[in-house]
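Next come two complexes built around subunit A: one with subunit B, the other with subunit C.
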Partner chain A sequence: MTIILLIAFIISLIHLSVSKRLKTYVSVLAFQGILLFGAAFIELIRINLVNLLFILLETIVIKSIAIPYFLNYLIRRNKITRESEPYLPDFISLVIVTAIIFGSFLLSGTMYTSINRLFFMAAFSGLFTGLYFIISRKKIITHVMGFLVMENGVFALTLAAGAQMPMLVNAGILLDIFASVLLLGIFVNKIGGILKEQEAGQLRNLKD
Partner chain B sequence: MLGTYFTGALVISLLLLLNRKKNWNYILSVAFLILQCILTVYEFNHQGIQELKYFTADALAVILLVISCIISVPAFWHSYIYFSKGKWLPHEQSIYFSALVILLTSLSGAYLSGHIAVTWIFVELTTFSASALVYHRRNLRTLEGTWKYLFVCTVSLTLVFIGILFLTMALQQVGLKNLSYSNLLANAPLLNTFWLKIAFLFIFTGYTCKAGLVPMYTADIDAKDKAPSPAGALFSSVLLNAGFLGIFRFYLILSHTGIFSWAGQILMISGFLSIFVASVYMYKVKNIKRMFAYSSMEHIGLIMLALACGPIGFYAAILHLVLHSFTKSSLFFQTGQVYRIYKSKSVYDTGDYFRYNLAGALVLLSGFFILSALPPSGMFISEFLILRSLFESNHYWILAVVLLLLTWIIWSMGKNIFKLLFIPAVEPQEMSMEKIPPWESLSQFILLALVVYLGLNPPFAFTELIHNAIKNLPG
Partner chain C sequence: MGIPVFLLIVFPSLFFAGIILRTKSICSGRKGPSISQPLRDIWRLFQKSAVYSETASFVFQIAPAVYFATLLLAIALIPLGGRSGLISFKGDFVFFAALLSLGKFFNIIAALDTGSSLEGMGASREALYSMLAEPAFLITMASLALMTGHYSFHGIFGALRYGSSLSLAAGALAVFVLIIICLIENSRLPIDDPATHLELTMVHEVMILDNSGFDLGLISLAGSLKFAMYGALISNIIIPHGLAWFYIIPVFLALQISLAMLVGMIESFMARFRLNHNPQYIFTLTSISLLIFLGALIISGKIN
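Right, the complex of A and B next:
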């Protein structure tokens, strides 16, 4: 069952690479949150109730509900046009993300581990696809979304780390996501207040 | 004590945020400085004792705490002078000081932590408080600097987190769970080197955003440029030390395994590239604060080269770190005064500094000589030891190229500083120039004198602390 969920996660990355509308990005991020919750629930069925509730909070409440709501608020508030504008055409994005997934397949094959290879594949795909989105998209809000895709990849990696997920690791992810998205959101608001079109190309004044 | 310190600092920061009266600001800042000094003295006397389950004061933590305590005093003082000379809204002042207190507290937490994930949490907190400091002037350029800093540092610290996860996997293979440094040091030879290598790559790359090394140095340069000068001084000294600490502690763990020389090679590549990039940019740069920011990059590159090179290098690296913190912070405090006089940071708009601010010009001149490691500067001793350690570990080509690059850097920096000090500006507006009293440069003279003293005649406690900090490294 976990295999299906993780494969759906990887396929959602491919979907992200060709989607044009910002709303699709937000919905796919929410969907990934639900998939990761399912995978976590199945893998960690043996742990105690408090830890399980914490993970439930983290995935469903924050990843699938709070953050998409906050992103929609930012999009509406700053009147960001609903298209995400990439530097590369969509087809090239598709090829690159497929290459990233294939590369993570090869990379996870070299890991000396008895743990399920699929977790590593999902984690590396999420990580490198997130980095790719940060590089190849023009709008600032899509930079934040690329960061969130990276965080989903990191979550898959914590599932791979084993059945004992220490509380500290959980707290770490929560701190990372929550505070980073909050602060990034505040600054997206401020940038939106000053710049008319929210393009990263306009943030070019600081150079030598 | 540590619990008291954290709660006290949190309370002070909240009060600073809510308060709008000047006198209360002074009282709260002095209270925080006293708290910081008490913590430093306490940790100095109680080394090696575990507190609050995750914090231990070892020798390196005590050295960095003392540096932080010494530099935070002029940082607060110069921040007050900065605020008294402009029209600031009260809430801007509150946010600045509150963020300053949180930055210094989270740095103390990062220095003292004995657990790798707790270090990560506190360094994450420094990112947030530092971005509040960078975003102080609220125009488009500072917004851009803050955005870049926040984004690059968050992504980099996510990479550190991934590295910590790989380390957890390495531990689980041998059945351990505890991520504290003492446990990792004791069990390092048992861990699978493949996982350790991946973990080291991720953790090192992540912490370079704080330390200002290649590859993640860019955000740091912008932050030091755009933040107010006292905040820039803190970024260049104590925040850089936190990045160094993150890298150093993991390097220490690797020293007990078979991949120590591989890790040394990684440090050497990064250090060398940092010096190279810094020298190229310093040739081109016309903004004084950016020039000093790139100079920080050069020095941390030298420190990384030293760390890769054997026992003399280890001692020299920590000595250089301490001396660099004092020198660089004093120069940043001085550039605050330069900006107040000329209202510009470019070398074209500034000049003939001796005429407008004699004490400040003397600080800049002596600071330049001390930073370039000319004798009797303490940094002459540490740089000499670094170059000697490069020679003794048979890295002759790197030594030769580094010497050439350092000469080039001294020339570029000297060109800009002598232009600032001696050659009149293109269009000086003497009417609008502020008269700065000489006693405002007193703190910088004290810091520079401290550098000379620590280099030439260091107290025994100081050298003993450095030896304790490196005693776990081989050789």
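Right, the complex of A and C next:
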């Protein structure tokens, strides 16, 4: 069952690579939160109740409700245009993400562990796809979204090892998410009035 | 053994277009034509003779017949519920893809043969889309072959089992890929609108503008056959192994009808994609079939 959720996670990455609207990005992020919730619930059912509740809370409340809501709020508040505006055409994005998934499959084969290799595959594809979104999209808000995809990848990896030590890793992730979204949210809010389009390239003009 | 299977696949194809039309009209709040109306239209076309342009050569005249014949031959390859089709040999799924390409090739050169620039444009688009959809089909079938260790349709579908959740996921993805390929190959809605004659958007409709009478009837009938053919492939993946024949027939018919209704629903509720979005949409199928392939590698134990 977890395997099906992980495959759905990988397919959501493929969908993300060809989607054009910011709204789709937000809803795919929420969907990934639900997928990770399901995977966490199945994988970590044996750990103690407090930890389990904490992880489930993190995935369902924060990943799939709070963050999408906050991102939508940011998009509305700053009147960010709804296209994602990549530097590369979508077809090339799709080819690159497919190559990333295939590469992470090969990479996951080099790890000799008892953990199912699909976890590694989903985690690596999430990580590298997030990285690819960060370097290939123009807007600041899509950088945050790429970062969140990376976080989801990391979370998929911690699920594999989560039965041993879930608490610390997840506290780290949670902090990361808060830091990134809050900081960049404030950042975008403050400079929204000055920079109209909010492209990352325009930050080069800033002087101290 | 093979003849009942062949007839069973061909029979529902006669009503496929009618069911799609009926679903579309019900979804848009109309009563719609009867389910046999497209069949009657085809019958009317069969009684007419074809009109050929003076500039078109013999290629244009034989193309519809070749197209129709390749589809019939392709259907003859498909097994059903553990019973083999009319023809079955090792690697017949490659032959199946080659037959479809041959039919499409004749369609395309017939369109080019008319000398109309509009039809040439449609031919170029159709060639591009089927070129992008081809790897998805071959990778999917090859993955299923890898999973089962057999190399013919009969062997593959006969040995397909869903023991683990990974194989279940691979089967579900294969069904998804085949449904979308079915829509692409039939030039149906997210890719191409069969109802429009707007020259900027049409792909398949523009290629058959010059065909008339008997030829047009053959091409329409071939479209329905193509639906039934993909429907039969999809049913083969879904129908569980070892079902008795008196269950297989109703399950198969139900699957065909639900595929037709699904196509009708998609056409009613989805908008057509912009033309430049189509290539990446079709290439997504290749990405997904690659996932099936990776799953098949794990299942077959080639990589652990």
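Things to note:
Rule of thumb we're sticking to: the second predicted complex is superposed on the first by the 203 of 208 C-alpha atoms of A that agree within 3 Å, B and C clash if a C-alpha of one lies under 4 Å from a C-alpha of the other, contacts with A are read in each partner's own complex, and residues count from 1 in each chain.
In this text, contacts are C-beta pairs under 8 Å (C-beta built on N, C-alpha and C of every residue); 3 or more make two chains touch, one makes a residue touch a chain.
Because the structure is predicted, anything quoted here is derived from the model rather than measured.
With subunit A as the common reference, the superposed partners subunit B and subunit C fit together side by side. Once the two complexes are laid over each other on the shared chain, residue contacts for A:Leu71 go to neither subunit B nor subunit C. Applying the stated contact rule after C-alpha superposition, one finds that A:Ile80 touches neither subunit B nor subunit C. Residue contacts after overlaying the shared chain place A:Ile134 against subunit B, while subunit C stays out of touching range.
In the superposed three-chain model, the partner touching more residues of subunit A is B, compared with the other of subunit B and subunit C.
Of the two partner chains placed by superposition, only subunit C is touched by A:Phe102; subunit B is not.
In the superposition on chain A, A:Ala160 contacts subunit B only, with no contact to subunit C. Of note, the Cα-centre angle with subunit A at its vertex and subunit B and subunit C at its ends comes out at 150 degrees, rounded to the nearest 10.
In the superposition on chain A, A:Asn205 makes contact with subunit B only, not with subunit C. Shared-chain residue A:Met145: touches no atom of subunit B or subunit C.
By the touch criterion stated above, A:Leu16 is placed in contact with neither subunit B nor subunit C.
No C-alpha atom of subunit B lies closer than 18 Å to one of subunit C in the superposed arrangement. Residues 115, 117-118, 120-121, 124, 128, 131, 135, 140-141, 143-148, 150-151, 154-155, 157-158, 161-162, 164-165, 168-169, 172-173, 177, 179, 192, 194-195, 222, 225-226, 281, 284-287, 290 of subunit B are the ones touching subunit A in the complex. Across the complex, subunit A meets subunit C through its residues 1, 3-4, 7, 10-11, 14-15, 18, 90-91, 93-95, 97-98, 101-102, 105, 109, 117-118, 121.
Residues 164-166, 168-169, 173, 277, 279-281, 283-284, 286-288, 290-291, 294-295, 298, 303-304 of subunit C are the ones touching subunit A in the complex. Across the complex, subunit B is touched by residues 111-113, 115, 127, 131, 134, 140, 143, 147, 150-151, 154, 157-158, 160-162, 164, 166, 168-169, 171-173, 175-176, 179-180, 183-184, 187, 190-191, 194-195, 203, 205-206, 208 of subunit A.
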